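Below is one structure; the comments refer to it alone.
We call the chains A, B, C, D and E, going by the order they appear; numbering starts again at 1 in every chain.
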Amino acid sequence: MTIIDNAVYVDGVRTATPHNLEQTFEMLAEHGGMAWIGLYRPTKEEMAAVAQEFGLHELAVEDAVSAHQRPKLERYDHNLFTVLRPARYLDETETVEFGELHVFTGPNFVVTIRHAETGGVARVRKRLEERPDLLRHGPEAVLYALLDQVVDDYAPVVAGLENDIDEIEDQLFSGDSAVSRRIYELAREVIQFQRAIHPLPDMMVLLEKGFEKYGVDIELQRSLRDVEDHVQRVISRANSFRDLLQNALTLDGTLTANRQNEASAAQNEQVKKISSWAAILFAPSFVAGVYGMNFDHMPELHWEFGYPLAVGLMFGAALLMYVIFKRKGWL
Amino acid sequence: MTIIDNAVYVDGVRTATPHNLEQTFEMLAEHGGMAWIGLYRPTKEEMAAVAQEFGLHELAVEDAVSAHQRPKLERYDHNLFTVLRPARYLDETETVEFGELHVFTGPNFVVTIRHAETGGVARVRKRLEERPDLLRHGPEAVLYALLDQVVDDYAPVVAGLENDIDEIEDQLFSGDSAVSRRIYELAREVIQFQRAIHPLPDMMVLLEKGFEKYGVDIELQRSLRDVEDHVQRVISRANSFRDLLQNALTLDGTLTANRQNEASAAQNEQVKKISSWAAILFAPSFVAGVYGMNFDHMPELHWEFGYPLAVGLMFGAALLMYVIFKRKGWL
Amino acid sequence: MTIIDNAVYVDGVRTATPHNLEQTFEMLAEHGGMAWIGLYRPTKEEMAAVAQEFGLHELAVEDAVSAHQRPKLERYDHNLFTVLRPARYLDETETVEFGELHVFTGPNFVVTIRHAETGGVARVRKRLEERPDLLRHGPEAVLYALLDQVVDDYAPVVAGLENDIDEIEDQLFSGDSAVSRRIYELAREVIQFQRAIHPLPDMMVLLEKGFEKYGVDIELQRSLRDVEDHVQRVISRANSFRDLLQNALTLDGTLTANRQNEASAAQNEQVKKISSWAAILFAPSFVAGVYGMNFDHMPELHWEFGYPLAVGLMFGAALLMYVIFKRKGWL
Amino acid sequence: MTIIDNAVYVDGVRTATPHNLEQTFEMLAEHGGMAWIGLYRPTKEEMAAVAQEFGLHELAVEDAVSAHQRPKLERYDHNLFTVLRPARYLDETETVEFGELHVFTGPNFVVTIRHAETGGVARVRKRLEERPDLLRHGPEAVLYALLDQVVDDYAPVVAGLENDIDEIEDQLFSGDSAVSRRIYELAREVIQFQRAIHPLPDMMVLLEKGFEKYGVDIELQRSLRDVEDHVQRVISRANSFRDLLQNALTLDGTLTANRQNEASAAQNEQVKKISSWAAILFAPSFVAGVYGMNFDHMPELHWEFGYPLAVGLMFGAALLMYVIFKRKGWL
Amino acid sequence: MTIIDNAVYVDGVRTATPHNLEQTFEMLAEHGGMAWIGLYRPTKEEMAAVAQEFGLHELAVEDAVSAHQRPKLERYDHNLFTVLRPARYLDETETVEFGELHVFTGPNFVVTIRHAETGGVARVRKRLEERPDLLRHGPEAVLYALLDQVVDDYAPVVAGLENDIDEIEDQLFSGDSAVSRRIYELAREVIQFQRAIHPLPDMMVLLEKGFEKYGVDIELQRSLRDVEDHVQRVISRANSFRDLLQNALTLDGTLTANRQNEASAAQNEQVKKISSWAAILFAPSFVAGVYGMNFDHMPELHWEFGYPLAVGLMFGAALLMYVIFKRKGWL
């Protein structure tokens, strides 16, 4: 098991950083306070000790080990099991990278489990250790701070997606046919993002009820409602992204057909031009053909200036037709 | 901090216009009444004094400073924090320009904060100062009047959008391919407008409950319900705009394909015409070719009128084919 | 103010038709009964007297003057303000023409206000005056009868729309490209019709609750429920029209593309035909070219029947190719 | 009035088949039991006697006479008015044929009214007469049995529609362009079918509440719930049909465009081929042209084997080009 | 009747494996415990004995015999009838194969009925027999275990579908036109899968209520909630598959049109090329034509180097045009 951090807090202040979990459990039993253990992808066996000590429920432990959970909040007696999906936006690939963060909270402990490289837990711990007044409220305060961090981290995801949608709109009207794929792939990312955020409002309501019932500090309750407000904002914007990308997909089809019309029109122009030139060139060829005939009695053939006249006729006829077609707008 | 206006009202009448906030707070403490402070994009530090004096909640103050909030209504003990998104329609660019207006109301104060150039607060203050009977009802009356103004100002937005949709319909059937982009962009504006108005009904319900609970004057309650009715009307029309633009987008695709069919048909006509002319011109060329052959025994070559006959044959054959194709409708 | 009709009813029977409103108010005060005043587009000033006498609420009066309301039902103490949108189907233009009817009802009066040329109020009054047993129930009976009339008048609208959808289906498959516009415009009319009817069920529920609470005659309650049933029927059919027209729009796109395919196939046929003819004509031209060469030693040129043989060769080659292409199905 | 059947049942057994309604009413008054009268499209006058005797409500009677009702269930005191839309699938035309069945039930009577040729009432009566144990439960048992029959008869409709959708899928991929119309028309039938079945669950809930309230036999209650389960199954499948046909419509458009691409590709091939042949034929024509020139000093013209060499050159050049184009894959 | 397994369990341990059902019923009566009978497609007659002994409800028995049920949960007094649709994903055909599993549970029995080759019942029995502590809880534990198995088995279905959607995305952009059919067929499978899983949450809620009411062990209740969580996860992903495939279908249409544009552009290029070559070849032909004229006075014809000059002119003109067209990018 990778223990990322392991600390005991008394009255909002870190009083010990034990080397192993046994020490943590002992200290907690002796001096009271709150333990906050940070783990990274624990195995079933590794979770067993923690589960036993804190009375974590078997089913929640199973989820924590197997990972791939959707965001949820489950209450087992006095313990709470929370799953969150932190997100990060990678602009190079235009993908949303999801983390997975599990949090067990009980009367005197917090166990945070990361199933991805990032997740923001360290940042939250650092922030809280600088605010003992907040950390003093115990596990609920830690849970709130984690939720707050995860939800705040959705803001750059939303901004990144919005930025790409703006880019897509410009690309759409510039006629770049690669935009089709980009719209589709961005829509897929938005769908996945929606799956990560849509369970949150119901979770928040459940959590708020718990906070109310267990008489958690009113300020913490309000802070939680503030997080909920941010969640609503994120959801509202993600929903509008879906609509925009749907429209963009439809429009892309129409613009594609439009370009086809333009190509068709260009082709028509070309055919007109070619036909005109063919007609222009036909005239002198025809004159040549006529005077290539072998009749005995073709007076022109015997005129002194027959040849230059014929050449003149050739050019004249070609010129005449050129002028006619030019006037008709075919050339 | 840009203080836009700063006044104390007693019994619905402006009794003082202090030069700074400290004076306002003193007057309020001494003579009672209601303060109405109008701010423009205050910084965190600037908001601190106001927040302290009126007991504004830290989280609401944070929102008020950072802006970019969706419309919402939050109650903190006896204070209310309201976010509104006033809108204006710019017909030249066919965009909806959104303001952002934050309102703190408490037992004896109103703080209005603008985060955009316009918002209509000054107009509301002027209107209310002309109606002391209304202003006498205190902060609730101000909040109602702001809501009323913001919602009334949605009417020209709706009218502008409707007008553009009408224009789009005409443009659609006139075959202007630029309409695709216009439909898409207008749909985007409508989506944004919907995000600004959809939270309002729930906010109104919350506010009405508060008005009922705090025994606010029945007439003010009814006026609020009147605003709610206007909100419903705006929402119903904005929703129908979405549907209309969706249909327009689909139809645009079909009409584009239709134009393609027409181009195809025109091209077919052209090909027919060109082929016909090629055939017509072939006839005289062929005659010239035949009489250009060098056989010893070609009687026609020695006829006295062989040449004019050949030319006649050329014209005759061409004319015959011209008539045939004309009759077939190919020319 | 255009007073369309102005009557006092006692026990379901018209007892007076006063010349002006003052008289009406006096009679009502003296003899009791119910007044029913029918107005047409009153101005603000004109409404003032009526509002004052009957205690109409300022906000409702404002709506009644400014018009352009969506269907709604508002209760102010003992008065009710109802907005209805009667509809008529104009088959020539395939549009739904909407009226706007406002109804104020109180303990002893009904004020009906028309904001469009038609609306059916006169028909309802006539019908009720023939049924004193119904009219005796007072303002509630009038309100019911108006609702009943408006909803019954939706039936021909629904029938007209259905008829046009049937026509559209036939037109679709006959390949008439004008159908695109027709589908779009009919869909727009259906969307507007839906906006007129969708608020009705909620209004009916509100009204029914009022009828129950105020102990209105059970038969009138049942009649109201009958109207509600008709409303449901209208809504269900209008909804299905939306779906049908949506499908028609999609199908229209596909059929358009299909016709394009057919045009494409026809063009391919044509190109084949033209190419075949070009090849057929090439043969004799080539023969002519060969025998136009000036070699000293070209035995055929000196044959006695060289020329007819050459001509024969020309026709033979052309015929052979014609047969070949015919067999290949290219001609 | 067409009286289809007219019987009195005592204790679940048919005790009389009176010749007219008066007799029925008398018997019922004298001996008790339950009357079951089956009518076919009665006129207003014809319904009057039945309505009077059994106290049917005027509004329900109006509906029963005018027909064209959507499925519904209305309670008037102790009487119930039920409208059902039986359905039959006609595979030849791929249409759903709807019947309309009205049922009045009261304490001691059932009146069934058919507004279409079929409806299944006779089958239900026969089935019930064979089960006196069921029929003994009175009007509720008859109503249940009719519902059960109507809902069971939806099964072959669902099966027929599913079968046609399967056929459509095959047809889609075989490239038959007639499938567009078929999809559209089947979707229309499904939409109508949905209108016939969607009101049923709410009706069942209402009926179940009545059964519970009036203490109807628990077994009949369970049977009713079984019918409700079948209704849910029918609705779930009809909904999936809508989705499938919607997808089929979209796909049809894409496949049509795909065929267009194939036609385009074929046309490109053809143009290549024709151009190649034109180039091949150009070569010998050009040779002929060159040796048709009249220069005094053209040595080849005086060679003994000039002519055969020229012809050889013609064939050689043509062959060379043929080989080149063949290698390039243009032929 | 195919009896697949037939056992009596006392205190969570298999105490007997009777040869026929009569024995089972006797043992149960004598020694208590729980019977678990596993059947495969029983006929009506075969079910009669079981139904009689355990008091199974006639309607549930009818469903169990006729099969083709949607997932549901019905309570009859102390018995429960559950229908589940296990699923398996066949990757070769990209279809979801559905089983159908019926479960009757009562105070002291479980009857499992399979209507398809697979279903997982044997695996569940084996797993439970290894855990007497769980099996001791009786029929509820068996029902839970079956639900758990069926829902766990949905995971590979979801994974298989997701994998195919990934493949489809790659195929889409590789321009394989066979993808249209694949998208459509996969969407159909997803629709069927949704029909199998969407009734589950409501069933779970019903079952949980029962567990609560009948005081079933809290751990079993929690395990059930864990299954519900997995169901939610499956539903959320299946829903996102629908959206993805819908987008894929739309995109496929656009990409198809895009390929058409590319074909169009290629064709334009080709026409340009061919026209250029025709013009290039025209030049020498025209020279040949001119010098094939028979004028008496054509000085060039008598020049000594007239012929080579003419040939030079032919090549020169052709070369000039070649260079011109090359520079214009037409070649």
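Rule of thumb we're sticking to: a residue touches a chain if its C-beta (ideal position, glycine included) is under 8 Å from a C-beta of that chain, and two chains touch if they have at least 3 such contacts.
Bear in mind that the values here come from a model prediction, so they are computed numbers and not experimental data.
Colleague: Which chains, if any, touch chain A and chain C both?
Modeller: B
Colleague: Using only Cα atoms, superpose chain B on chain C and state the rotation angle in degrees, rounded to the nearest 5.
Modeller: A turn of 70 degrees brings the C-alpha atoms of chain B onto chain C.
Colleague: Compare the two sides of the chain D and chain E interface and say whether they are made mostly of the same residue numbers, over half shared, or of different ones.
Modeller: Both copies, chain D as well as chain E, present different residues to each other, with under half of the numbers appearing on both sides.
Colleague: What whole-number Å value describes the gap between the mean CA coordinates of chain A and chain D?
Modeller: 41
Colleague: Using mean C-alpha positions as chain centres, tell me how far chain A is from chain E in Å, no decimals.
Modeller: 25
Colleague: Could you tell me which residues belong to chain E and also touch two or more other chains?
Modeller: 250, 253, 257, 260, 264, 267, 271, 278, 285, 289, 292-294, 298
Colleague: Which of line, ring, star, complete or other matches the graph of chains that touch?
Modeller: Ring.
Colleague: How does the ring run, chain by chain, when chain B comes first and chain C comes next?
Modeller: B, C, D, E, A
Colleague: Considering only the defined contacts, which chain C positions touch chain B in the complex?
Modeller: It is residues 57, 59, 62-63, 69-70, 72, 74, 76, 177, 180-181, 183-184, 187-188, 191-192, 195, 246, 249-250, 252-253, 256-257, 259-260, 263-264, 266-267, 270-271, 274, 277-278, 281, 284-285, 288-289, 291-294, 298, 300-307, 310-311, 314 of chain C that touch chain B.
Colleague: Using the touch definition up top, name the residues of chain E that touch chain A in the complex.
Modeller: Per the stated touch rule, the residues are 169, 172-173, 222-223, 225-226, 229, 232-233, 236-237, 240, 243-244, 247-248, 250-251, 253-255, 257-258, 260-261, 264-265, 267-268, 271-272, 275, 278-279, 282, 285-286, 289-290, 292-298.
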